[in-house]
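Okay, got some structures for you below.
The following pair of complexes shares a single chain, subunit A, combined with subunit B in the former and subunit C in the latter.
So, the complex of A and B:
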């Protein structure tokens, strides 16, 4: 058989990525195994998170050694993650759609590259910078003018910071698609007497619907997993479900980051295993969001084609 | 990578000394320290001074957190793990080769954002009430009773706690556990605890985050490591007088912190794992702690062990001079504790 070095190399490289993914999943499942057995379904439904007394003697529950008083319930963090990401998307999508239509349709083509580069530039600002801005500007603003109890840390602050971080992702994806819409579409719509607004809404936007959904999914992925900026402005809610826009929250990823150091001092190691189980849950949430979006985008297209 | 280098360096040095028949170990094997972000600034002051007086010394310091300091010292990834908290009984008994060696003394202030009130008097039970949601108003009868004549605002208290694992959370919750029975039986103490749900209570990241959060939220209260006392004062925060075990309200000053250290010095056991929180003594400030180095007695080679011993001995003697400690608001170890630490350092092989 003929050796094909190029083909083999490319095949090997392409297998690396799924292999790494499988390795991560396998590690998370194996590592959190004991925690999954200990927690059961309570893990997802309970509000109370308690590492237990790491300085007391561990106790044995159903044959598994855990710190005394340990109880791992992550409903608060699931709620915080989903709520902050959802609100961020609600804020970011109109902003991004407006910005990209403006850039594609209104701005003269000579200065468009400069402006679109500015949008893309926001996408590469490190998240900790957004967090700092959130602490220095946004949190005091919310605390002074909006919040009933005077505290600016919480769901709204986290959502706005997230929205700012994901807007350029949606906008730049959408802008690329808008610029690829064939001239004929616009021109024939104009020829039929459509106003500029009608051209955009009826001749151009339907062409880029799939791209828009794709951009939103990308953005949602970033929002769900964002750690540092959220940690800085979310108020670190614990043991309490958010009841308003101004409630302190914790997201899954920021909570893992904040708890890991203490978890490492657990002599039974159960705390770290429980954190690995949280990571697994985040992984599943991100995967299912992506799968839903994929289904949604293909489903929408099919319906339109039939009609 | 670092570990490999260490092992190689150790092995080579071992071979050289064995070949030459020299039993005396050299003290310039490279060392790695990681852990407590509270101790990190002090290590950064220590290492340049130590390197200057000990040519050839090579110490890498990183700030990761007390939990990481303990975990990495256990795994043998670092030579010195820095921690604000001593090893738990379980860890110490299961791993008798792991030592908790005090390097210096730190403390913590209770700060609040109430303009015009500079030194409110507070106690462990009052703080436990605030942080568990039983005391929700600044003009609560319990606070008013401790502060006769002070005009307390009729406003909801915003308790601020650390979200990240922290030695400050450890000693704060130890103070609450030591002085309040309800707290002791429910929340207990640790570097992260399961904070009771308090409506409006917020979490902040790091000591700087605590200062910022307390400053941004009028009517808030926060516990802040003494290294950040200057920042807290600049932010316009008041500093509480705390009720000590002898029933007196005291501020964190060099005198009251030293008084607490002195009262615990003689009862410090040989393994030096003891809480200094809520120490007896008329003038003793109640939230004081030893800052620890977590060390494995079995280092990778005699050379590395010698380097660790030399550095730690320097740290608790010359390194404990006020010229270093003053910059981070730490206090030196009492003489009796220095002797205990020296005895522990001698066990490192």
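So, the complex of A and C:
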């Protein structure tokens, strides 16, 4: 076989991407190893996150040095992540479906590109700007009009900001699918005497259902990993499970972002290891959600070919 | 009986042209339709409204806080300007792009030109996975490897490499997609003239796809200017400008100003936060609007 230096060079450079991903997984696993041994399954089931006494002599458990009284449980953050993402999806899906149906069916095709560009632009606004808007506009609004305790920071604010951030993902996926539905479907529904709205609901939406679900799962993956906007408006709840829409929460990602200082002050490095374990958990969650989205979108192609 | 006039919307012919009274069922269906359309329109309003409000609020407060000394003075607590943060964001972005563009474009070339078989599809899958990985996880990875493991401390090098890891998959994907749109006959013609692999790519395929690759680079630039989460654990913060060190020297960046200064109690800090947000937002939106207006509805991202 002939040696092809150029092909080998670009092959080598392209392999750096898988190498980077493997390095991320490998180093997170290696670094969190001691934490995984120390925490066991309690990590996922306990509510209490306690760094222990950082100034006292560390104690040795199973041959691992930990600060006295340290206990790492992330159930609160898992609950916060799942709750905020779930509520965000509940808010975002109707908005995205309504908006994309309106764009596809009512808006004249001359101004449709402009409006759909606006929708897509929402997805590129940096999340820290969303957080700033949340603090400046949304949190005072919730605190003033909705919240019983007068504080706007919490689960509801985080969910609304997340919902705004993921709506364009669902909407642009759905809009593309809606515009690709064959004319015959809509025309035959019109010929049967359906009103325009019935055509959309009964003849077009069933055609794009799988795409819609794929888009929702993709958006869920984004919502689960979102950091800055949530960190800024969630209120940073610790050690207590959220009980209402207005409870302060922390998500897994926002908690990691907020723990820099405490990670630096721990002489045993155990909290850094525990944070690596949290990052690993977050990675596994988003990986499985994104894999679901991928499976769903490949399933769509199969259905289209059959039809 | 009036002549049945032609109506382009065929569904309404029976109701309108024959003027027979509507049955309760027909009325209900029409009313449900009207309500449905109103709800859909409301959905669109609620999606676009917040975007307009975000742009309006940030622009309003940002311009109110604008002054020339933002660009000339370093941040000193709530006073001063943003010169160090602007320089830091510029440097982080610059070095991230310098690392990411050769890697991302090469990976895109490989995947588009020679990427058949299991290895390439595995690379594509891992690249997508890396795109879907939360940026805070990447930041934390860099923290344990570069800050702790290699002992670099908060530094420009760690920050740039982290951002590069974040944007390489985007660049690879967009390069691959735009190279694939170059017709195969051009490659065949070049090979038939006896061109080498590298000549075909650099003299024929890349020039033909240059607008797509440039689009990818600009979108990656927008991403790296707006990122915050991966920088918290890698860049740190510094009240001073860059002194030429790549390691052991924290750098300032604009998005840090946004999320920490807005939590301060005084109005001056808030003004700085809004000014920083305005700068970041203008850069990101300008790049994206510009790209979208020139490359109309090509599904690249």
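In this section, the second predicted complex is superposed on the first by the 268 of 307 C-alpha atoms of A that agree within 3 Å, B and C clash if a C-alpha of one lies under 4 Å from a C-alpha of the other, contacts with A are read in each partner's own complex, and residues count from 1 in each chain.
Basically, contacts are C-beta pairs under 8 Å (C-beta built on N, C-alpha and C of every residue); 3 or more make two chains touch, one makes a residue touch a chain.
Since we're looking at a predicted model, the values are computed, not measured.
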Fit or clash between subunit C and subunit B when superposed on subunit A: clash
Which superposed partner A:260 touches (first subunit B, second subunit C, both, neither): both
Which superposed partner A:135 touches (first subunit B, second subunit C, both, neither): both
Subunit B versus subunit C as contact partner of A:44, first or second or both or neither: neither
First (subunit B), second (subunit C), both or neither touched by A:98: second
Partner chain in contact with A:55 - subunit B first, subunit C second, else both or neither: first
Subunit C versus subunit B, contacts on subunit A by residue: C
Contacts of A:153 with subunit B and subunit C, given as first, second, both or neither: first
Touching partner for A:292 - first (subunit B), second (subunit C), both, neither: neither
Which of subunit B and subunit C A:235 touches, first, second, both or neither: first
Subunit C region in steric overlap with subunit B, selected from 41-49, 59-67, 113-121 or 149-157: 149-157
Contacts on subunit A seen with subunit B and repeated with subunit C across the two complexes: 135, 231-232, 257, 260
Of subunit A, residues touching subunit B in the complex: 48-51, 53-58, 69, 71, 135, 139-140, 143, 149-154, 231-232, 234-240, 248, 250, 254, 257-265, 267
Residues of subunit B defined as touching subunit A within the complex: 64-68, 70-71, 85, 88-91, 94, 156, 158, 161, 163-165, 188-205, 209, 212-213, 216-220
Residue ranges of subunit A in contact with subunit C within the complex: 4, 6-7, 9-11, 13-18, 20-24, 27-28, 31, 94-99, 101-103, 105-106, 113, 115, 117-122, 124-133, 135-137, 164, 167-168, 171, 176, 190-191, 193-198, 200-201, 221, 224-228, 231-232, 253, 256-257, 260, 272, 275-276, 279, 282-283, 286-287, 290, 294
Complex contact set, residues of subunit C against subunit A: 9-11, 14, 29-30, 32-34, 36-37, 39-44, 46-48, 50-51, 53-54, 57-58, 61, 102-103, 106-107, 109-111, 113-115, 122-123, 125-130, 132-138, 140-141, 144-145, 148-149, 165, 168-169, 172, 196-198, 201, 222, 225-229, 232-233, 255, 258-259, 262, 273-274, 277, 280-281, 284-285, 288-289, 292, 296-297, 299
